[in-house]
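Right after this note come the structures.
Shared chain: chain A. Partners: chain B in the first complex, chain C in the second.
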Partner chain A sequence: MALVQQIQLQGGSGARGSARRIAGSPALRLVGRRLLAAIPVLIGVTFLTFVVMSALPNNTAQAILGLNASPSAVAALNHTLGLDQPFWQRYWHWLVNVLHGNLGTTVNGSSVNSELATHLPVTLELLAYSLVVSLLLAIIVAVLAARRPNGVVDRLSLTVSMIGLSAAPYAFAFLLIVVFAVKLNWFPVISGSLGSTPLSFLKATTLPACAIGFPLFAVYTRLLRADLVEQMQREDYIVTAKAKGVPPWQVLIRHALRNSMFTLITVVGLNLGTLIGAVAIIETIFTVPGIGQDLLNGIQNHDVPLIEGIVLVFALMTVLGNLLADLMYAVLDPRIRYGSSNS
Partner chain B sequence: MRSRLLSVRTACLGGAAAVVLAAAACSSSSSSSGTSSPTGSALPSAPVKTGGSITVLESSGYSGSWTTLDPAENKEGAATQDFMSAIYGQLFELGPGGQVVPDLATGYTFSPDAKTVTVTLRQGVTFTDGTPFNAQAVYWNWERDLGETAIKNGLNPPWLIAMQPAPKGSPPGTAEPPAPGAIQVTGPYTIVVHQIVPNGAFINQLFDSIANWIASPTAVQKEGTQFGQKPVGAGPFEVVNNIPNSELVVKRNPNYWDKGKPYLDGITFKSVGSDEAAYEALLANQGQVYENMSTTTLINQAQQHLQVENNLGTSPYDLQLNTAVPPFNNPKARQAIYAATDFAPILKSIFGNRYPITEGFTGPGGICYEQYVPGYQGYDPALAKKLIAETGLDKVTIQLGTINIQTAQNTMEALRTEWEQMGLHVSVSSWPLSGLIAAFEKNGGKSWEAMVQTAGAYDPAGGVGVGFRFNSKSPFSGVHDPKLDALLQEAQSFPPSQLSKRCQYYDQAAEYIAKNYYGPFYFTFSPANISVHGVYGPGISTPLPSVAVVPTIPWEDVYYNPA
Partner chain C sequence: MAVPIPDATLATPTPPPLPSLVSSRRLRTQRLGRALRLWVPAGFLILVLAMCFLWPMVYTLPSPTNGNIVNASLPPFSPGHWLGTDQVGVDIFSQIVYGGRVAFEVSVATTVIGMVIGCALGVLAGYFGGWVDAVISRVLDILIAFPALVLALVIAEGLGPSEFHVILALAVFSIPAFGRVSRGATLVVRGLPYMTAARLSGTRGWRIIVRHVLPNIMPGIVTFSLLGIGVVIILEGALDFLGYGIPPPGASWGAMIANGQQVLTAQPEYVLIPSIFLLITVVALNMLGDALRERWGVQ
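Right after this comes the complex of A and B.
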């Protein structure tokens, strides 16, 4: 959407002219540059993962077939999975296959593409729910807290945020289960398949989304509140707005909040990659059939193709998240034009 | 023709079982006091009630993880034995009291030399797609279970059947199907298996393998590769919905051969992420049964609110000592470990004294159970210190390992504490299953020194049995003693009618292991089945022996009567 706005802001009426302008658009050039820069990053991440997985002691074929499998069956499966090939050859084959859109085959025999196609949407839905709720709540609470620093709301938000920052997500998850699933019976302990209706989706994902989102809410609230307070107390444009008689709430929301969003957007973009750990744990606790649970199973089974596929997805999400954050800067501040001399 | 002993156990059950072996070692909540049966006794029950449905929770790390329900493709066999038995039924079941109960079979006979086994089948049974169940169907399934697909997956049952050579130019591991005539259909409901050496454990190995589940040949041919997602059997239930690794919904088979059963209208099997989450789900009545709980603290908590059934264990913990390398190539060093180890405090503090101590490879749920072994070196700190000084065991660091499952790790840490009090130096490691296998195999099996594992099965010749840990040919054994190999082979060679003779040999083997200090045994572990009040049946409210570490619950006998 941001990209479309950028294009519209700078665009003209003629179709051919528009195409030329789009091709020469600073935003598009930024996207192109960042995507090109992402290639070595993604190769580096997957290569490191490959190195680490190869360094671990394992016998994947025997683990799949069981301890009683005959040596010939183990050898055959090793051959089928390509595990009898040298390290470089295995990585090269994997990379070439990825470039052809084939992420390989899991040790269970299913394709990594289909695993991701089935489970990635579940994780993305869960993450989106967590992020949207945590961001919305964080913005509301931070604005309320910044309105009167050291007031009741501010102190209360500080306490809640500190709890969110210090509580381990898995401990918080079990607390949610005990209160909202066992005692109140409002939500299921086991999310399972996320349901087909919006209501069943909300019922199945609210507790895991809260478990993932609460620490995020705490971080976002503290960051945004600190930035807002600083803007409100130190920035000249705020003083000017106040001097002009703009109501305090309007100053806070229309002027200060817009500027404070830069820090928040940066952190959200960076956070996407780090969520992999929380997602793996929380999905397992609530039995959400997403790629976080797949990742844990993959590590347990030493399922390198599956792990590589998931790591690739999360690396891509981090890159795209940061790119989106950069583009959002331009939306929030029209003075920013990527690629121009004053950007 | 090349003959070969297909001496491997079925990976289907045994392999998956090993995970739990290692792991072992691997309505509304009620406020009334729960009941438990630490020694595997029956819980109070209510009258049989027909109808109703229950949700059974399965750990996603074990039984709640499945990809296919096709027996010949099913690598998670032991883990998914609940689903398989609900859909396919079983030829033979391991019932209460360790009795082998014919289910879709009606009986068996062995030849006097225990080489030939004749199995008779139930008449008048049909699969849920209408295909008749008969000897041809069983033969078709067994050919498949012993054929290319199953062999490739390491699932072929451990029958001692003459094998054909692989075709010329085949890659390693190419299927070697049984020789023509090794399995014969001799009547519409009679099938005969010819083995090349005496094997009296055949039936016990059968219900411990994928060959115990018979699929509809028509449905397999019709569905092809999709059969594993839409399985058709002649069991008490038929599949309504199957989402692999997440949820399996089954409903009553209206044409089930045992009229009046199953009692339940339906069962939903649901995968759950952890013991803790399963426990909470039972408290919230979002599930009625959770199988294979191994977290001791939760088992203890569950007794306050839920039913806890400790089934009869068959696989004792043991400490494997690698006799191929120092320091345990020295019998006195091994004896020092026996004398330095006191299992009583470990059993009390980690496992709440829930399981009986044993000195051999048999458990109370299995055949030939011998709890105390003559000549077994018990805990003797004075002797331990003397032997440690004599052998210089205190001058080396003992490498002790196990699988990275909490109970096994706790046990390992407790052993380290005990041994360090005796002046020993111990380095501990734990790995996931694949890493554990690699540790066993590293440097041709000469890198590891001591491992906390489990050894044993309902029949010592089945599952991850005694040979798995003590036979020269097993890559997971630390013992290379032809005399012990011969004893174990001899014990297997008597038909079931001569069980006492089999047991005599196993007793001798246990004494031989004790006399040579090949590895101390601790106690027989079996994970608990937890349920809400009102669910009754074998393995849930009455004890069942473990088949492959855990019992196979006959779901047709389970009922729900919350009143």
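Right after this comes the complex of A and C.
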């Protein structure tokens, strides 16, 4: 608290004061600490990928040159690709290059940077679309369900989310295609390019976004509904609010939902990195030109730099997702802000 | 006449139950509901298991790998092929049965491997704490941050398609989840009074782990493993679907979906039938897990 007062006292006194205020800002310090803590995880994840890829039988050079290539040509290509070096040396080279902003070249000869630059935005748009829609729907459905536990809406939401939790995303994607693309003809079967206008974007991405978002919606709804119901039954402040005569809807939304958002935000942050699997499969089914398809191609070609680049992107997304979750905590809960300014 | 002094330490910690305000009829329906929630999914699972493992012993099924091209694309309820045949004349029901076998074998084996290794790590980390905990937790953190399907695909691609390699690839990813869960459960159990009692009476560390920690964290682990089996069945299907799972002649639900994809518009049932079996199995597993969690009071 003393620090906060000190900063506030100095806050008004010109540029030096505001610079100190930023350096001392608890949110910024939180960001710094979290980014520092993320470095070992990022190194661990990429190193593990390298170890696994190196431990497995590797015939990249043979794959490039074809089955008829002579052993000496294969050895020569292995040398130019640097594949004859021990793996820790290769990892070190890769790491140094990454720190210089160069993710290496793919087996096909194009640079990983340009590969990611063209395909990453597509995947990010698709992910953002499915995340936003599934979150919004989950919040609405969970609040409606928690309004009357064991009521009709609640039972319905539990059934739907149980199905969403258990459905294989690839099977669900085909169901969507059969119903909405083949029978009703509302959306194209193949997304191809996403188009430039918002309408063509929606047309191309709605089905894949649904396929990615439905399991997410199920998880979020279940979680939020359970948390809301528990809060409405257990917490003292809910009883206080009810006793004061706050209308039930307001108790649910302004008191219970605000607190339940913590659990939800944590899970959203944690989930981001694991979405890569679903994204890869769904992108293949709908032929969306994103990094999920790139990843599968990379695995087929044993393309270490490409796989490393994509794994790094998703690990970074996990880290940033968790960071964002922590920052949202600070927005939602004033105690956390004051608490961290003390330390 | 001396009144015996009630021993405070022996008094029950919970107050005597209040007279119930709920009618006995309502209680009975509640109890019935709880039993149904456990036994309906369990019954479904037993049915699917019996279909996959016992049915072929009782009735002879057409081969799940070889078909006659003359019988290609028969609709469901055809004589001899009650779910029909696929594009090359292979019986669909027998593919479902043998594919289901693979799904169960892989998912149970994977989950058992993940459970044994993950629990060992998690219990060690939770029980000993300190640097053991720090090292194990860090490793688990990295494994969790690692995208599971990528790891599984890379391993399956590198080792070549086979049932054993699929199990190996998926087991690696199920270890950290079990590690996290068992570590959390161990931390809870470690703070309880009977642990102090066991330690004070001079029980050795490993004996405490085996006799006191493990039995008490088991309910949580078992319900979690049911959910895990469901996840692994879906992932195994995904590997098959992408062509990295069970090698081609063998039947699997994921491969059936992938094959059916080619004639999706003409005959959607090729995709729908395996998808429905997949859905029923995983829903049953999830509901059973939920019911057991409710019954055993696991968080």
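In this text, the second predicted complex is superposed on the first by the 316 of 343 C-alpha atoms of A that agree within 3 Å, B and C clash if a C-alpha of one lies under 4 Å from a C-alpha of the other, contacts with A are read in each partner's own complex, and residues count from 1 in each chain.
Just so it is clear, a residue touches a chain if its C-beta (ideal position, glycine included) is under 8 Å from a C-beta of that chain, and two chains touch if they have at least 3 such contacts.
On a predicted model such as this, the values are computed, not experimentally measured, just so you know.
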| item | value |
| --- | --- |
| When chain B and chain C are modelled together on chain A, clash or fit | clash |
| Partner chain in contact with A:Leu56 - chain B first, chain C second, else both or neither | both |
| Touched partner set for A:Pro289, first chain B, second chain C, both or neither | first |
| First, second, both or neither for A:Val31, with chain B first and chain C second | neither |
| Partner chain in contact with A:Thr274 - chain B first, chain C second, else both or neither | second |
| Partner chain in contact with A:Ala75 - chain B first, chain C second, else both or neither | first |
| Which of chain B and chain C A:Ala167 touches, first, second, both or neither | second |
| First (chain B), second (chain C), both or neither touched by A:Val182 | both |
| Contacts of A:Phe314 with chain B and chain C, given as first, second, both or neither | second |
| First, second, both or neither for A:Asn108, with chain B first and chain C second | first |
| Shared chain A contacts, counted only where both chain B and chain C touch the same residue | 56-58, 174, 177-178, 182, 284-285, 299-300, 302 |
| Touching residues (chain side chain A, partner chain C) in the complex | 40-41, 44-45, 48-49, 52-53, 55-58, 162-163, 165-172, 174-175, 177-178, 182, 273-274, 276-277, 280-281, 284-285, 295-296, 299-300, 302, 307, 310-311, 314-315, 318-319 |
| Chain B-facing residues of chain A, complex | 56-60, 62-77, 79, 108-110, 174, 177-178, 181-182, 185, 188-190, 192-193, 283-287, 289, 293, 297, 299-302 |
| Footprint of chain A on chain C - complex, ascending | 138, 141-143, 145-151, 153-155, 157-159, 230, 234-235, 237-238, 241-242, 254, 257, 260-261, 264-265, 268, 271-272, 274-275, 278-279, 282-283, 285-287 |
| Parts of chain B lying in touch with chain A, wherever the complex brings them together | 6, 8-12, 14-18, 29, 57, 60-61, 64-65, 67, 75, 151-154, 158, 171-174, 243, 245-247, 270-274, 276-277, 280-281, 283-284, 286-287, 431-435, 437-439, 441-442, 464, 468, 475-476 |
